[in-house]
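In the two assemblies presented below, subunit A is common to both, partnered first by subunit B and then by subunit C.
Let's turn to the complex of A and B:
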């Protein structure tokens, strides 16, 4: 069985800083996403699963519709497996109700005027993201015991929480430690992959222009996100 | 890792239990361990926690719009 821990916005420098040894595994580094004009989540995960740059195709949908992208399994490397299980991956089976609600609250945070109102929205936003994280974590741990030859669990918490809280070191460390614990619970060979990292703007977080990868079997150097379709095919 | 037991007031445990939902921690044990680790590491760690600023908010709002988060 091959497992991919797909972590949105997992930041290389924080994995180092917080000593997340399970996330680092034996080999780890940054991915090269310089072929993309911006580090957009939907573009990057769609490009990962198809093994080709999907920027033009995704951007043609427009900012609103791109979040509803659902690629056919035949257009992805998941099709190479007999019984794959994919959890909440953008561009494939993203849980749109949840993530639409997150973006709605994000917009509301910027729309309200007073700091008090912003604090209220931030709490609601954080609670929504943490609750979803717990559900995804529970589902991921359950499917690890099932009969799948490929499992991909997508964890959005570092990205969603990071946008409004990246300067809150304690909160980010808590999230990274939890993600590290999830990686530590995996028994089989796995890849950790992020679409992009995150850089700090005061208390907030913006996408950085590189991602994170790790394996315990091969030094991948500075791979593109589109290289992973072939890397995973070769692992079969 | 080996574990030991400590005694803390039930009142504190109740307060932590009430906060668990909004922290992402699964248990009081994990929460307390994390907080104690942070306190222990605090000595010599002079990195300040960031606070809200309107200038930062404006910058990140523009970036999130460019990334498609805010239509």
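Let's turn to the complex of A and C:
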């Protein structure tokens, strides 16, 4: 069985800083996403699963519609497996309601004026993201026991929480340590992959222009996100 | 009245719960900023976990990074008895360097051991360093008792193993306490799970420690800085320990000549005594030859004059020491040529690995147990007796090493 821990906005420097040894595994580094004009979540994950640069195609859908992207399994490397299980991956089976709600609250946070209102929205936003994280974690742990030859769990908590709280290092460390624990619970060979990282802007966070990867079996040097489709195919 | 302060350090293997213990202490003594612990608790809950007190330390570090907390390396809490300062050493190197240089002096230490994992190599190394630095007020806490079902037998096994090691390096802990920093067992009061343990809890044990004795209650050591001949002959210096009074019978070392203090001089003040920490001048009844580097003591409490010293040093120069090199030994105002007669052992201050025994070389950031031979006899003290004359530097043109004296070799 091959497992991919797909973590949105897992920042290389924080993995190092917080000493997340399970996330780092034996070989780790930054993924190269310089071929993309901007580090956009939907573009990057779509490019990952198809093994080709999907920027043009996704951007053509427009800002709103791109979030509804649902690629056919036949267009992805998941098709190479007999019984794959993909959880909540953008561009494939993303839980649209959840992420729409997150984006709505994020917009609301910047729209409201008073600090009190902002605090309220922040709490609501954080709670929503954490609740979703718990659900995904639970599902992910459950499917690890089932009979799948490929499992991908997509964890958005570092990205969603990071956007409003990246400057809160204690909170981010707690999230990274939780993700590290998830990686530590994996028994079989796995890849950790993030679409991009995150950089601090005051208390907030914005996407950085490199991702993160780790494996326990091979030094991938400086891989592009589109290289992983082939890497995983070879692992079968 | 201001409460007294006691500074202590917590050492032990990296995963044995140091941060959790500190977080728990701050929480149980209500020393955390309002709202912070609730936030940590909330996030833990959001992640589906029990509160983890270790994150309190992350929060404090974050505040330091942001300049909200000014102090960079100390954490404070208090009990009804006194204030406590936890010296937060970022690494072994800094801790050892600070202890030896006197920049940050711990008066007590806590050695933390995981009840489940037991004594690890790092536990031994840290214990060794405590012994080397002369810390004699030591609490051992066997932590994470919750993970071993508060089992007495497990506690006794780890205790026996640790005591076996500690006795070999001359550390006799004042207390060995089973705790769970995570659950708060035997930290302050609460003991729901280990009724087989009858001793003090952690804070009671800490409260029983003594703060460092004031240097003014120790024997007189007045180190001469200079002699000025005005209308009277003033011997200027610093009282490192004890009190010097008008009329005291004193002895000048190393000459051994005796006289009486005629006056204690302070600019524009009429005084008759000066205590530890004071730079002052005295005049004497007899005109004796006194020079910079001499040490004036009471004739009733004369220290040993020696030219053989055992010490622990921290080498802090890129140029290594090689056996045979001539150095200068400076202790207070005494400055004499010396050689390192024997290098008993050399330790890597970062990993605490033993590098060599009976060595010929000491390199940058290494700690060494050495025997020094000075050209002339000096007035020095065991660091634990009179700290002020128990600390020295070794130098050429630059300071090469700092050290503390562990034994006066007769």
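What to note about this one:
Operating definition for what follows: the second predicted complex is superposed on the first by the 236 of 236 C-alpha atoms of A that agree within 3 Å, B and C clash if a C-alpha of one lies under 4 Å from a C-alpha of the other, contacts with A are read in each partner's own complex, and residues count from 1 in each chain.
Simple rule for what comes next: a residue touches a chain if its C-beta (ideal position, glycine included) is under 8 Å from a C-beta of that chain, and two chains touch if they have at least 3 such contacts.
Remember, it's a predicted structure, so these values are computed and weren't measured experimentally.
Aligning the shared subunit A places subunit B and subunit C in steric conflict.
Residue contacts after overlaying the shared chain place A:130 against subunit B and subunit C alike. In the superposed pair of complexes, A:178 makes contact with subunit B and with subunit C alike.
Comparing subunit B with subunit C, more residues of subunit A are touched by B.
Shared-chain residue A:75: touches no atom of subunit B or subunit C. In the superposed pair of complexes, A:170 makes contact with subunit B and with subunit C alike. By the touch criterion defined above, A:57 lies against neither subunit B nor subunit C after alignment on the C-alpha atoms of chain A. One listed stretch of subunit C collides with subunit B once both complexes sit on chain A; from 56-64, 254-262, 308-316 or 398-406, that stretch is 56-64. Within subunit A, the residues touched by subunit B in the first complex and by subunit C in the second are 126-127, 130-131, 133-134, 168-170, 173-175, 178. Put simply, subunit A touches subunit B in their complex at residues 38-42, 63-64, 66-67, 103, 106-107, 110, 115, 118, 123, 126-127, 130-131, 133-134, 157, 163, 167-170, 173-175, 177-178, 200-207.
Note for the complex: subunit B touches subunit A at residues 21-26, 34, 38, 47, 49-53, 55-57, 59-61, 63-64, 66-71. Within the complex formed with subunit A, the subunit C residues making contact are 39-40, 43-44, 46-49, 52, 55, 58-59, 61-62, 65. Across the complex, subunit A meets subunit C through its residues 126-127, 130-131, 133-134, 137, 168-171, 173-175, 178.
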